[in-house]
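The following pair of complexes shares a single chain, subunit A, combined with subunit B in the former and subunit C in the latter.
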Partner chain A sequence: MTTTTRRTALKQIGGAFALGMGGLHWDMAKSHAQAAKRGGTLTFAISAETPHYDPHASDTFATLHFASPFYSTLLRFNLPKFPEVEGDLAQSWTVAPDLMTYTFKLHPNVKFADGTVLTSADIKATYDRLRNPPQGVVSTRKATFADIGTIETPDPLTVVFKMKALNASMLEHFASPWNVIYSAKDLAENPAAPRTKINGTGPFLFVEHVKGSHVAGKKNDTYFKNGLPYLDGWKGVFTLQAAAMLNAFQGGQVQAEFRGISPAERDRLVQTMGDKVRIEESSWTLNLLVCFNIEKKPFDDVRVRKALLMAIDRWGGSQGLSRISTLRSVGGVVRPGSPFATPEAELVKLPGFSKDIRKSREDAKKLLAEAGQSNLKFTLWNRNLAMPYTPAGVFLVDQWRQIGIEVEHKQSDTAPYLATMNAGNHDVAIDFSNLFMDDTSLGLAKYLSLSRAPENRSRSNDPELDKLYDDHLRERDVEKRKVMIRAFEKRLFDQAYQQPLLWWHRIIPTHKVVMGWKMSPSHNLGQDLGEVWLNS
Partner chain B sequence: MTIAAPSVPETGTRPRGAALEFIRQQPLGAVSLVIIVIMMFAGIFSPLVAPYDPLNIDFASILGAPSWEHWCGTDAYGRDICSRLIYGSRTALVIGFTSSFVGSSMGAVLGIASAYFGGKIDDWIQRFVDVLLAFPLIVLALVVVAAFRRFVVGGVDVNLILAIAIPIIPRVARVVRAAALSVRVMPYVDAARAAGYSHTRIIFRHMAPNVVAPYLIMLTAFIAQAILAEASLSFLGLGVTEPTAAWGLMLSGNAADFYREAPWMILFPGAMISLAVFAFNLFGDSLRDFLDPRFKV
Partner chain C sequence: MLRYTINRVLLAIPTLIGVAVLVFFLLRIVPGDIVEVKLRGDGGSVSQETIEMERKRLGLDRPLYVQFGEWMVGMATLDFGKSMWTERPVLEEIAIRLELSLQVAIMATLIAVFIAIPLGTMAALFRDSWIDYTMRLVTIGGLSIPSFWFGMLIMLSLLALFNWLPPITFTPIYIDPIANLKQLIWPALAVGYRYCAVVARMIRSSLLEVLNEDYIRTARAKGVYEKLVISRHALRNALLPAITVIGLEFTFLIGGLVVTEQVFNLNGIGQLFVQSISRNDFTLIQGMVMLIAAFYVFVNLAIDLLYAVFDPRIRYGT
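Then we have the complex of A and B:
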């Protein structure tokens, strides 16, 4: 019997990613061979506006595409070799063989935008805020860092993380793009300061945020990586309407859209711009979730939740929606095609994934009748991003109408959309699971009890799920880990708190003059723009 | 000696006669009326008239060209465009009529009150009207729709109706005030004052009936504006939301993505908006010409 190690699994994930990048145009790779040119301002589209500036409290790209260029992280992903990690603020690091101690040596002379020098105290303050946020501060990744026991700072350039429990994926979590490093001084003055103030060590300095219009950054001349950034500055333009973004892209007002466009939008750009546009494609570590607020009646009844999931024809939906939107693959809690994903033969046995949709809907109707909810009416809360939230909403309304349910579809801007869900004011919502890697320590964290995972918008508290998650974190044997993931998935779908609708497919358009940007299966990665340059 | 009976001014003919007279004098207006009636019929009886359920997704028929099966083709979700246009007339008319009625009625009351009270009250109301008139209808509607939260009652978006109705108020108020100023100096208004009637009674019982002609004309004219505003707001993503069948909404979203492959996705809703606006505008003009004695000279 062979035992797959975790490292082998990571290599498999990398291989899967490479396969997923089949559509990639390799002229990007060629660009790295050219000498980078300095100067110029990159203008790109951001299709949503962030509700605040704090990536620790966010799980939307709107915050990350806005803030990443201003900040650094301890480690980061090496995108051409994804999911390998490399140093960002960390010059080097060591990991104890038992994975219980992580020691990082920091780059010297790193300065924050306000001129203060970065030390290990800033790393400690940042990670303390992440794992144990003070009153009034939200840390979306609190559960991920709960395993850190102590953070020691033996000298200004060394930081040591000692774990209280094993987390086999900890190194990748240190490379999370969300864990931007804040100034300890700022946090001491006001722990909530990063929501409204930007003071980072990234390649760019904050210039302005004009609400409803744009965010702008300029080159950080004291950036700690020699010779970077190449650009003089950048401007992120908020283009909430896809049609406006496409027109701006075609007209050259924006040179890139780093989140993703639909297949139809891709075809239009290729048709109209010819060889002036570069298109890169990849599978995407992102899915939309059907999320029930279990604190509201009748969604406190598992029969109602299950019935609603069973009415959805995901397999048929993926065929149609993949033609008109970024939604594509049917999958469970792990990205389809990645090593930990549930095989289709097992997936179809889970509630909501049956290929016999007629029978599934008959069963759903029976469940609703049993629950006394045959004439159920509710509001589906959704984000007003055309792609792919609107098609998903239209699809769900149609699916539920087929079992006699009347649904009002409400769409809202990103800030009220998130605020409503976070406050638990929704009935049923289209939520999202925005991951930056396939590792399940990240992917499953969203489904943990609300007390541990603030981003769990079903507001469920399920100790059984929590235990399964914790057990799988400690397990270093991949096959055993897979079994635990299956058990977690089964429990989650049997309880029907929330469930992936479909996984996304990422298509990125850039003007050919944009060089040095690297494609990845996550739109959260590689957005600090430090190595991006303009060939014009 | 015989005393001749005072001559009674001819106030109008019987309804049937008036209708025939309208058709004779205003043939284009009559055609517009027929279009409006057909739209209203389609809107009221949508479930009977529409060949398909307008919300029914059919991925096998995505972006289907017009055919015997789908007269106006299908959209990106495989939904029948003809059925969505028919149901869309319901959305357009409900929001168009309601917004225009609410805005015109409030504007009429404000205009009559302004003329009746005169003095400082008139000044204040007119300056307020000036401020509102400074904004184009669609801009003011955008402000209102963005400022207030969406509020749906019985499937009707009250916020959207108010957003369209509010910009109509000053426009109607200004016109009605002009008409009411001439009514205010009539002896019967003085007589009503002398008899001690309340302001409310004088405004609603004695003045309002005498400005009903400009009110009706404005009401019909603004239905067209309201339909256009609803379509514009929906197009901008601020009106009704998917999957509701609404003409403006049919022009946005997927239509913008697929208009090259499926031009019928924008052609038919665009034509319906144009036709509806044309019909209501023409009917409003014809009604004005028909009711205004100066045009009969």
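Then we have the complex of A and C:
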């Protein structure tokens, strides 16, 4: 059992406020100051159902909220001190001064759910799958690990990553929640096995997945972290409709929702549940993007793209949308408020961020006229999730209507929505950038050339952006790195391939009995539930 | 009767084959590709080669007549294939949800029938009285309030009055009947109200018609007790159109409760239908369409057989 001293609790609160979690509740501190109780089953809502069990191939929280409790990662983020990393399977690690070699010592006697002992071979097999997936296996993070040269396993508890190119953010990538560790034996038998089979070293063992209904886990008695987990088990109930989730939360059928709710939903819960509900808030490492498919006419014309971005009143929109949706902050390619974010004074000078919307729209009309597209009509492709995609889509349609553009708003389920964009069949889309940290090695990667970044749904290929990205990746001086990020952002917005619309604001409701769960700016982090307990 | 039943069952076979042909080929001409949606819908990059491999693995590269033939042969042995999305047997995917959907449909039917028959009968017997007006008000409410909205009112009322909500995960009735009924009684009520309104109005209007028939006047003239006139002569005949409506409504409830299922967070056939359509999961859609078609065919047969029970003048196969 772990106990937290007053000093560390205060540190955690301080760290949390530093992250911009203005509304963070004092109960978080209390949850760490109290002795954790054992037992009980946590039931929480998952507002989407994962199509498969493999986080390596996924980009949706639905997979992580489902699978994280069953798995471990090499490192993980220390949420109260975010973005500091800490060991998960790694007991300790060393990084060579030139950042070209990472050596990890693993915890001994770590067992998979099937009883086999974890060794460095499992780490190697997992990372080989991530960086070089075999035929028929999808790894959405292949590019992230392209800088790894070799992976060596000198002994069963040591794994050494040797880089072929410097990546100043590599340690954070080892803490990515998506890189869960699989069994080398399973992968050797069937590299695609993790899509349908769960065999991890996490705090919980897989019990059942009733399709369309719920997933359940039970305590892993052989979990390698002493005294953890506290819970006997958990159940994640798929609640695809926000109204059903809110009712279930209010009625006590679920005790938490870890992705995030809207301000209106928060207000309803606070009003009806009073002091039985805990609300934690934070800015969110997630934004919606306006994304033009530059392979389609007239969006191959930078003037058209730029005009459309300049017609959007982000500052006004932020005020209105933040009341009804999870959208809130105006920002560039880095989360507003985080260390590398562009200050507002600089942001307003970039195309699409002017506060003088009247002038901006006049300029936009001129650009469209120059491009011969004054009467432009197109389809805006969007996801059919009410929060916040629908209000964002409606907002954009209205913004573009104000410069005489007619837009058809087309929404579809997540899978066909992504498939359409990934196949390049869209004109203009509301895309998203779902990050788990603020580090720009992750955040900027989406905007690289399509040949390097398949998730770049504008389908642009821009060597200048690629070079700026690579240079910033190898740069260890923070100030120089900042300058490079600004240059990257300016180039991106000048070319107007895609641009953040607004950044999200995360609001998490939990019943007061739920303790030990840690708030962070990402809904992808902290979901293994190992330290969560119930005060009842 | 037996011969008639056998004939009807045999007639169901070409009907179902017709449905199979339609659903199979119509799905193939609808735009959208399950493989693209499945692999590219992950959010990751997938090469065209991987897509082709997956298409081959799922057998989608073969000529349509071969795919259709295999599917038909499989169906003949009750093997509906595997869901292209989840890779689990179609029957398994359906079975998980069918139990719940079937139970809601049965409970809603029971609620509707047990309330609608006395309600419709009383309204007809006391035509233009306050009883009739009340019944009309109640049934117009049932017809005009969407079931899902009534469901939401039920849920919010439970929350407001008792600070309680039914369970949101399904427990089969044979495992825990109390938990099961706690969850399903509410959607059954929400759906049953509209269902009841339809049936009650049908019974009222057909009973009013029957009560003016000569044979009812004759029965009364012969001095038959009024209760017997109503129950044996009038109601039995008035129920015939209501039986048809009950049968069709019941079948509709199996797969048609999409929004109500969402309100109550039910893992039913309706939700599965919508999901499989959005994912172009051909095999699952085909399986569900066949299931619902089979339900329609057999419920219609059951209705026809019930006609003979209620109306002795109807004798099949003679």
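Everything that follows uses one rule, which is that the second predicted complex is superposed on the first by the 518 of 536 C-alpha atoms of A that agree within 3 Å, B and C clash if a C-alpha of one lies under 4 Å from a C-alpha of the other, contacts with A are read in each partner's own complex, and residues count from 1 in each chain.
Definition applied: a residue touches a chain if its C-beta (ideal position, glycine included) is under 8 Å from a C-beta of that chain, and two chains touch if they have at least 3 such contacts.
Nothing here was measured: the structure is a model prediction, and the numbers come from that model.
Once both complexes are superposed on subunit A, the partners subunit B and subunit C clash. Set against each other, subunit B and subunit C differ in how many residues of subunit A they touch, and the higher count belongs to C. Contact with both subunit B and subunit C is seen for A:Q241 once the two complexes are overlaid on the shared chain. Touch criterion met: A:Q411 reaches subunit B, while subunit C stays clear of it. Of the two partner chains placed by superposition, only subunit C is touched by A:V138; subunit B is not. In the overlay built on the shared chain, the residue A:G320 is in contact with subunit B alone; subunit C does not reach it. Once the two complexes are laid over each other on the shared chain, residue contacts for A:G251 go to subunit C alone; subunit B is not touched.
In the superposed pair of complexes, A:T390 makes contact with subunit B only, with no contact to subunit C. Of the two partner chains placed around the shared chain by superposition, neither subunit B nor subunit C is touched by A:E370. Touch criterion not met for A:D477: it reaches neither subunit B nor subunit C. Of the two partner chains placed around the shared chain by superposition, neither subunit B nor subunit C is touched by A:E344.
240-241, 243 are the residues of subunit A that lie in the contact sets of both subunit B and subunit C, per the superposition on chain A.
By the touch criterion stated above, subunit A contacts subunit B in their complex at residues 240-243, 246, 262, 264-265, 268, 271, 316-317, 319-321, 323-324, 384, 386, 390-391, 393-395, 397-398, 401, 408-411. Across the interface of their complex, subunit C is touched by residues 51-52, 57-60, 135-136, 138-140, 142, 196, 210-214, 235, 237-241, 243-245, 247-248, 250-254, 272, 412-419, 422-423, 454-455 of subunit A. Touching subunit A in their complex are the following residues of subunit B: 55-57, 59, 62, 76-78, 150, 152, 236-237, 241-244, 252-254, 256-258, 260.
Within the complex, the subunit C residues that touch subunit A are 32, 36-46, 49-50, 53-54, 85-88, 93, 96-97, 152, 155-156, 158-159, 163-165, 167-170, 262-265, 267, 271-272, 275, 278-280.
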